[in-house]
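Look for chain A in each of the two complexes below; its partner is chain B in the first and chain C in the second.
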Partner chain A sequence: MADPPLLTIDALHTYFRRGTETIYAVNGVSFTVLPGEAVGVVGESGSGKSVTMLSLLGLVRGRVTVRVAQAQFKSWDLTRLSRRQLEDVRGRDIGVVFQDPMTSLNPVMRVGDQVMEAMLAHQYAPPQAAFRRTLDLFREVGIPDGAARFRAYPHEFSGGMRQRIMLAVAIACEPELLIADEPTTALDVTVQMQILSVLQALRSRRRMSVVMITHDFGVATNFCDRILVLYAGRVVESAAVTDFLARPAHPYTRGLKGSILEIGSRGRSLTPIAGSPPTLTAPPTACTFAPRCPFAVPQCAEELPQLRTLSAGHQVACHRAEEVLDHVG
Partner chain B sequence: MMVPAMGAAAAGRAASARTSAARRAWARYRANPLAVVGLVWVLVFFLLGIIGPWVAPHGYAQTNYLMANHPPTWAYPMGTDSLGHDMFSEILFSIRFALEIAIFASLAAFAVGTVLGLWAGLQGGWVDASLMRIVDFFFAFPAYFLDLILVTKFGRGMGPIIFALAVTGWAGYARLIRGLVLGMRDGEMVEAARALGASPLHVAARYLFPNVVSNMLIALAFGIPGDLTVQAALSVVGMGLNPPLPSFGNMIAAAGGNILGYPWLLYWPAGIFAVTLLSFLFVADGLQEALNPKGGY
Partner chain C sequence: MSGEAPILSVQDISKDFVVNRRVLHAVRRVSLTVPAGRTVGLVGESGSGKSTVGRLAIGLLPATGGRSVFQGHDLSQMSARAMRPLRHAMQIIFQDPQASLSPRMTVGAAVYDAMAIHRLGTPKERWSRVEMLWERVGLPSSIGTAYPFELSGGQLQRVGIARSLAVNPALVVCDEPVSALDVSIQLQIIQLLKTLQDDLGLSYLFISHNLAVVEYLSDTVVVIYLGEVVETAPVEALFRRPSHPYTRLLIDSILRVPAPGAPLQPLTAPVGEMPSPFAPPVGCAFHSRCPLAVDRCSQEVPTLRAIDPEHWVKCHLAD
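The block that comes next holds the complex of A and B.
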């Protein structure tokens, strides 16, 4: 694809101040999202997946510092937008779906109004058109009898149905980018599949880019074109799904793949990654994964590995990526 | 493909869904007999407050010295006081003035408290800290004493009394809504709304306030009888509504010294006032159960 990227993030840093400590949550994350592309952002809890996205949208709260070298979305420099302009971009050009549909809808507002609200607030459509469009959206996300359900309240819906409503809200203004923050985590497995297929259908129908934040490899590899692996607030590997599955080049990625169950893997034992991810109270100066890494050499404890290109579209931040690739195991 | 008939059917179904929520609340309310009795009296009280001035047989300032301190008769169904005022008319006008003061003072306190509390809770930081210190001051300072000072300063008319009650009343509403907002501010609902472009003002008006309005209404239902009481208490020490404007406090205070000779002067206003306060509290209690069945307000 020769198109210019829809979203370009360069060297994003997010620090939280907690008491006298500073927590370095995101430490120089860079990535791009192409038009129509689905990017999966995977990593453990605390790896900075959600904070990365919230930082972009200006939504992190508390005593927080966000620094970024470049944050370009379409023709906008996100760092230069006023609070008001950013509010307008959010929801109109960038849609967001959150993890828990049970708590993210307003319990005292009719669901139809919540979909319409997004369009009216952004002056996307006049009320009559917004109403008709809401019914269309309900049909598209698979809410049967939308005209009747328009005036229902969120508590009258199941979790899966509520997530469909959240999807309808998020795409109401036809955003070019949809950020889905663990959209299926709070749902039953069967419902997860339904939501993913709805999302897939929405995406293929409108060439919308999706950033899917998840810790579920199955979700990420089924849905996405490209996977970013985050560890301790840094991108450790970025690869197309095929490379990610066939040639993981970072020991952490390999570790993650070894620690999940797959159908047909009966007899293979799960190998958990020893230890737990660090909470950084200082900016990283060495590989943050080294203490847990079976491939670690002295260099890893001294030098911070930078993201480097292994092959076209496959980048990794590991001093020993070649050895990891050669290692069969 | 929205066919009109379908729309009508949908509207009908949705309307029934809405009434069912209201109906459930009403069913919970009705299950409390005291609340129902209280509601009946409160409604009668409001009705009297509205029509009282028109049905009162005499004016509130109209005296008849020849009939002073007279027991109830057909012309004066509740008797007369030492100046020959018709007690029945006095009470009807008192209801009107008492309700006007209590309702306007409570609504003003409610409005100010709601806005400031929402702002404090949503904004956090130094806005929250300074507003809540002001609230602490109003909680720490005896409200009745402050009311007395304000009424002394600004006079004993309707306006000054409403102002004084509102000044001492807003802090409770502010603290209540601020606490409720803090519980929701960092929740997913607000995060989702913000993520989809809602401004802080929009979040406050469409998300936070509607979610706490039932708690606030319960507080308001407790606030109105509170203001009725304070207003009467002001009259008892002679700082209430300026005579000849009648008020329950004035009547009760004046009658206290004559209880052996002219007991009806005390029984009627004190009885009606006591029943009214009790009714308001029963209603507030019933609302609490009806609107907030999980408790914790």
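The block that comes next holds the complex of A and C.
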């Protein structure tokens, strides 16, 4: 692929102050997103997958420090934008969808007005055109009878329909990048399938890039081109879906994949990863997964593994990746 | 049906709610049986009425019609006071254990309290039972002095399980107990529930929208749509031969991780959404979403009929 990346993030760090402690939530995350590419960001709660994206968008609140060596989106250096400028990029060039639509929809504003507002606020279209486009968007995301539904309030819709309204708001200005944070986690499987089919149609029609934050490997592998696995605020593996499926090289990736319960698992013994992910109150100086890792050797408790390339497009942060790959099972 | 008496028998139970002066038929003539020491899985989408069935089954909600018989007692005929001695034997665990724990009480005190409410044992016996329960659910005994906000989701769910076990239940209604947890923690809790059942002979009514979890834990599965049972069968039969189009839709909508080299699953939207429970479709409740529907389906309500001795389907077209 000759295209330059749409988004390049290098060495992102996010720290929260909590009382007298500092929580090291993101500890040097680097990744790129190519035009038209869908990247799945997976990991357990507390892995930093949401905080990473919120940090980039200037959406983390409270006593927080964000440091990043490079944050380039198209021609913009996100670190040099003012709050106003960042707000303008977000919503116009980068759309955002969250797990709970009610956190981003205004409960006392008609849904049609909310979609229109997105376009008017960013001077994307004049009112007449924005109105017509709102009806088109409703059709595009699968809200039937858009003209009548324009004047309804969010509470009059089901969870799946609200998610579509939020999607219509997010894509109203035709963003080149959509960041979706667990967009289908709270939905039934049938509704999840509907939302993902809408997203996939948008991707192929507009060549929009998507960063899909999810803990659901079924969603990540069927929707995305590439998977980033986060653990304790670091990327531990980055791989095309084919490599992710055939040659997972980090023990944590293997553990997560082994934890998936699917139909047909009945009668099999389960192999959850023992323990739970750490909350870091100091920057990591060794492999943070080592205490839970069946492959750990003394080196893992002493030296922080850096992300290194195993093969084209496949990177892993593990001292023992070669042994992991050789290990059958 | 097996020869032994079931621990729980829900018979033709219904529940109407009045919302803004309109009647909502949340549960319509649902029957199910939980044999002692077994697990019945109850699956359906949000709004299907599955949680309401769980509450009706153990008398947490009064039924509009039908009855629930627990250990031979018809709960629908009993006052709250009369039901009290039975309460400890029917416990419920929730998706969000934090919502059922006081934020100002240590989790040790919360487990102790469950026994005190039911006047089980002396204070000394209760505290030693708390210690025993931590071990049973896989928590360190140091956890007793922690407050709920200090614990992770997985630890909180273990506390919730310890609290329900404290009072020696025979039946536990598990309402989406693993849905909010990370996959690895989900497996840990599922393993724990299975071990506890084997060790203590517990019976579970396991409510979930996650078919894989239900398949793993259940002996019998009940599929519910718009407040009605549309299919029920022993677990192997249900997954080997899902016979209601709705059951098939649920199974086909699950995104599986493909095997290496295997094709991806097509992301094709199923037709329609669940209709408003205020205005359920005439005829078969599922016909508006059914890919197989024929004229008869929009006119005539199908009956729940056996296609195999223990496999019941509410569909005109099932054979």
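Assume the second predicted complex is superposed on the first by the 321 of 329 C-alpha atoms of A that agree within 3 Å, B and C clash if a C-alpha of one lies under 4 Å from a C-alpha of the other, contacts with A are read in each partner's own complex, and residues count from 1 in each chain.
Quick note on the criterion: a residue touches a chain if its C-beta (ideal position, glycine included) is under 8 Å from a C-beta of that chain, and two chains touch if they have at least 3 such contacts.
Note that the structure is a prediction, hence the values are computed from the model and not measured.
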item	value
Side-by-side fit of chain B and chain C on chain A, or clash	fit
First, second, both or neither for A:V211, with chain B first and chain C second	neither
Partner chain in contact with A:A125 - chain B first, chain C second, else both or neither	neither
First (chain B), second (chain C), both or neither touched by A:S104	first
Inter-chain angle, chain B to chain C through the CA centre of chain A, in degrees rounded to a multiple of 10	80
Touching partner for A:L178 - first (chain B), second (chain C), both, neither	neither
Partner chain(s) touched by A:L135 [first = chain B, second = chain C, both, neither]	first
First, second, both or neither for A:E87, with chain B first and chain C second	first
Overlay on shared chain A, then closest C-alpha pair between chain B and chain C (Å)	9
Chain A residues contacted in one complex by chain B, in the other by chain C	none
Complex interface listing, chain A residues touching chain B	57, 59, 61, 84, 87-92, 95-96, 98-100, 103-110, 117-118, 121-122, 132, 135, 147-148, 150-153, 156, 166, 169-170, 179
Of all residues in chain B, those that touch chain A in their complex	2, 6-7, 9-11, 13-15, 17-18, 21, 186-189, 191-199, 202, 206-207, 210-211
Touch list for chain A against partner chain C, complex	44-45, 142, 158-161, 188-194, 196-198, 200, 215-219, 221-223, 242, 245-246, 255-257, 259-266, 270-273, 276
Residue ranges of chain C in contact with chain A within the complex	45-46, 152-154, 182-188, 190-191, 209-213, 215-216, 235, 239, 249-251, 253-261, 264-265, 267-270, 273-274
